[in-house]
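Each in structure tokens, the structures are laid out below.
Each of the next two complexes has chain A plus one other chain: chain B in the first, chain C in the second.
On to the complex of A and B.
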């Protein structure tokens, strides 16, 4: 009988014919994930925040990072810097030698330091001395054409310059205004902030590092961790405000104090004090709630012949985790510390301070004649969780990060071959992945694009402002 | 928090007068013997929480456990022994390495051997900032770097990672 073309029969369609066949045809989950995230092809996919335009009058890392987050997800971010100087962060560089030139076309022998990396990528860079009356019009016109602004001046500065939320909401009621800074309004409203100040004032520094009993001190999380972290918290506020605007049609003001943000990391510290009057103390590389669950020092370096001291001396730390009773029993067996298991069979016994002192000392004693990788291998072979504490060279060489694209080389349009992690280390998104267009651009590189092409000022005007150093 | 041992030992009728600086971290909670960088006299110390609990007491004839990090002679116009002088001071791991120059480093190639840009001075052909907004023509902009890149490519020095 001839096939009736009007009838769709399931057996004629491509794909599985039964539930069992469907199960059979499903690709392995690993492969499915690789196909979904398709690392390396980010630029062929759409961007979640395409169509959002954000102004950024920010400096250093904290507030810039909050907008770099949305720039990586597709928002058009216009970073406004002071003419011919730029963000002060451009003038920092590790060891005073890692600069990329030029800073600005009038300053070819001054560079922007690599400290500027990561918090300012994929944005357009213009200059404007926006506190001048003469530049107010251009500033307000940008406000009218944008969805929001992030600034980092001291409280009230933008108000004095007539560009705070009180003023800009009259021009653009849908405008989302973000202030990010030190203390915010209150008794310390004139206080600025840096990462270390945030960590100290918020109480975070006091619970970080080893206790003095072990020769330690309170320590700051390194690499301005709270700048990165609180910048990301601002991003959440911005996205929530955008969602709120979709519902109400109205903008809002976000006030974000850095010293306040860091208290979020304190976990149970405040409730603990509130209920029991206990002031939380430092516990270093150990854990107050789990043991063994910490970092131990091994006797031998993995790279004893390396030239770099970071490899030669420092590749000696290993993370060990065996806090469940069974795991702890195995840990004691494999390290020849059976007496420790007999003494500390239960978690509640192991987490006691004295017990931890004894347990970690015994583990370090056992690791005394071993290299970091030997320690890790012995523990992993015993079915325990252990990993070396890797330095950034090892992270670069790690196959895990390479396959996931967390760290990769980009061909920056201005600076050539650059190794970056930033956008690509912030998680994978199947449909709208983050991407990094460029690491940064020179001061005022996009003045013509924004003032002439977007706002429509004639080139003669742009040149005049440039000559006067207003832009 | 750096404590010192001021060596007052008489050597050849002259007071040694060397100030031996103890590195704060190793000597935070520490008990042992340290030599004087100048005359080699050995002192016993016991430090608790950064405070000199016992000592310095001279221990003639004994071997030191470690050496001071740095020593100088303030009464002799500040002649000094910098860290890492064999038999006198001990090395300091965080010494600036030779790869750190203290001056801007004008590399032309990344660690995997591909060309970078952004050294100074930029050649006039590079144009002013922003005039080459979204691409950089290495071949015509920096021909000497292009040539070296070709050589590296041919010799297999250029890697993917």
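On to the complex of A and C.
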């Protein structure tokens, strides 16, 4: 019914419409955020990508993570692994120490290593030896029923197996096809790649670590961060392609080089080199563009009596930041280094390399007889920014991450209580929150669901394929 | 190839123009030709057809002849100091969206940052002479610059008008800042229920350990995020490999890495929220992505490991506790990365090294523990393997090591610095750094977006950062109906 312009309705007026809304408007920001994000009730809300189905013929971390991102947001993802063996990442674990076993099955070889954690959560798991001609039809059936696929094989492999974009776009023009790998078309097209190759080959390692002047070496980022970070950028490509497909009905193919993604995050390195020929170097725990803004070593550990050496010997580092003039002045005053402020009043002067060496040396001298928490407290009490460098235990115990739900124990249907740090931490959404339904499932756990129920193959066929190790 | 010149260097000033792109254009030596690649790469794998198809459909050079994925989408960004919001909006802009970047009238303070405070490495706007730092120029790519003082009523009114045209607002101001001004999600969602609103922060805008300002108003910047999620603690060399302060300390990433991760997850969050709004839910929503947490998401299994058996991860330098071999170790002229964990690859690495150093065969191949793939990851086994590998490497250069290892088809590569990256044949062939001839700052070498290689909707870089407020007149006229006379008047009042 058309609106009667003579009538003023309360819902057309700006401002709160009900008592609840009025309260919401008055609520402190902090409380409002808690109410909106409503941590812990994720499963009572819808999911952003509900209805999307994606195939994941991926291994390791990089390409799996690109798809796990959308699985956490509600897409139905079917992960396809090699029969019997599964993803090689299932066999990877720190110092070969940590394997998770299904609660119902603790036979040898049924465990999966911690290395597999976080990269493939909330997906369905099937197996298929898809290079066999016999399995081609099942593969094509899945292509016709899905929105896209992400694969990580050497370039040309899927083409040889007649399942590259050249072939599948004929079956499903809406299909979005992603190849993620090391290099992409070009002279090193067939080069294999790892996270660490991205870090080293593309320049990230050259800017991380202590400079050789201080006796340091190029340092590897502790984690497979280039794998994960590049995977997330693939997700961006996939989502953008989905938006374009809503408009045009057409899919696309994305060829994504992981090694290149490492060059992308080098900030001023490329333009500085291109214009001035200056090669960006590593600069340890300090910042090339801000001072003071760095990590300092304190004299005493916060936990001198702890058993774990990480607590006992390494709870000694604090991040100190006072780069604006007033902050730096206060920092110098608090640490008894007035002469430094007199010498380096201007931002420009204290960011110079020699100045930084002098400033941080003076700060570490001051911190020599103090513990990390003393250093942090003194600076925070002076109104400055300083925080401890926390280890895994402290992060686990952090009330902040607990309240925000980014680290939590989940009751996994196959593995029981598992501590997870992924999915929930990658971003809060008030109406369609990310969630983790399970950490992963066993190899081929959903073969019947997919081959029999979705693709319509009789159970006898599914069993036959299983016997032959085709699935 | 640039011509050789005699030069004399007496001061830093003499070095300034040695590398100017007009004098020494990138690349210094030409990349391999398509014919060379066909013959030496695709043909050798009998993949000529596939290679040709890939190049015909995915090439970087064809991007501008293809449509853009997010054409018609529009985003409003209020964020300064950090790269999270800049990277997020850079991704959106590269994919074809229009991004309006709001800066305070003096410009984003990030514009003033330059390595070691050296102003000579900032770029000067050809027209106004205004200087801008390279991090900012590089990450503000594709976005439009509008200046607006959000603390004034007029500024807020204009901000609200701009938001009416946008799919999402990106907010990277301190906790509660926008909300206090009456232009946060609470207020904008009343006006525009379909608007998506995404906070970006280091540790968060709410919660017991949220972002702080110093008493003088200084912001929390990276690497505070990495310090809060154990990334810094876990990175770097252990003190028994290097003394503390000489690398044997927890080590931050050389770049503001958590900012980049937050930026890309924010972009994903926004696109997913838009998909839900358009396809299913019909309304916008409130989102928040932080550097500390989005990086926590990608710290492998580190926290989960603590939950498993109380292990607190330690630093392992260039090594990886999960894989053998998978490390970079020093060689004569730098560092060489070698990887290969499965028996097939692991023994091939050994066979390669054994040719020069027969001990490797005896000590490594014949060790019963090293024969088993899982057992190879024990710490003593890593030490043993890498000690021998580094002994081999110390006598040879990166290029020699790469050639030797490539004969065995091992995933190996030298650790490259940016000048080497820019000239590496594969990298300049694709290319993954490229030059753009900009209207304000001359020719700039930039990192190419990895989503640039697509069949239908390649992402692309259309412009680098802009001078402060360059697009103010156009955007305010177009989306807020504020004409130039009014803009000038507001400028006088300090609103713009």
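In this section, the second predicted complex is superposed on the first by the 437 of 471 C-alpha atoms of A that agree within 3 Å, B and C clash if a C-alpha of one lies under 4 Å from a C-alpha of the other, contacts with A are read in each partner's own complex, and residues count from 1 in each chain.
Here, contacts are C-beta pairs under 8 Å (C-beta built on N, C-alpha and C of every residue); 3 or more make two chains touch, one makes a residue touch a chain.
Just so you know, these numbers come straight off a predicted model, no measurement behind them.
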item: Touched partner set for A:443, first chain B, second chain C, both or neither; value: first
item: Which of chain B and chain C A:336 touches, first, second, both or neither; value: neither
item: First, second, both or neither for A:256, with chain B first and chain C second; value: second
item: First (chain B), second (chain C), both or neither touched by A:218; value: second
item: Which superposed partner A:95 touches (first chain B, second chain C, both, neither); value: both
item: Between chain B and chain C, more extensive residue contact with chain A; value: C
item: Touching partner for A:415 - first (chain B), second (chain C), both, neither; value: first
item: First (chain B), second (chain C), both or neither touched by A:109; value: first
item: Contacts of A:388 with chain B and chain C, given as first, second, both or neither; value: second
item: Which superposed partner A:173 touches (first chain B, second chain C, both, neither); value: neither
item: Shared chain A contacts, counted only where both chain B and chain C touch the same residue; value: 95-98, 100, 215, 308-309, 313, 396, 409, 418-419
item: Interface residues, chain A side, partner chain B - complex; value: 95-105, 108-109, 111, 212, 215, 307-309, 313, 396-397, 402, 409, 412-419, 441-449
item: In the complex with chain A, residue positions of chain B that touch it; value: 25, 28-29, 49, 93-94, 96-97, 99-105, 109-112, 114-122, 128-136, 138, 161
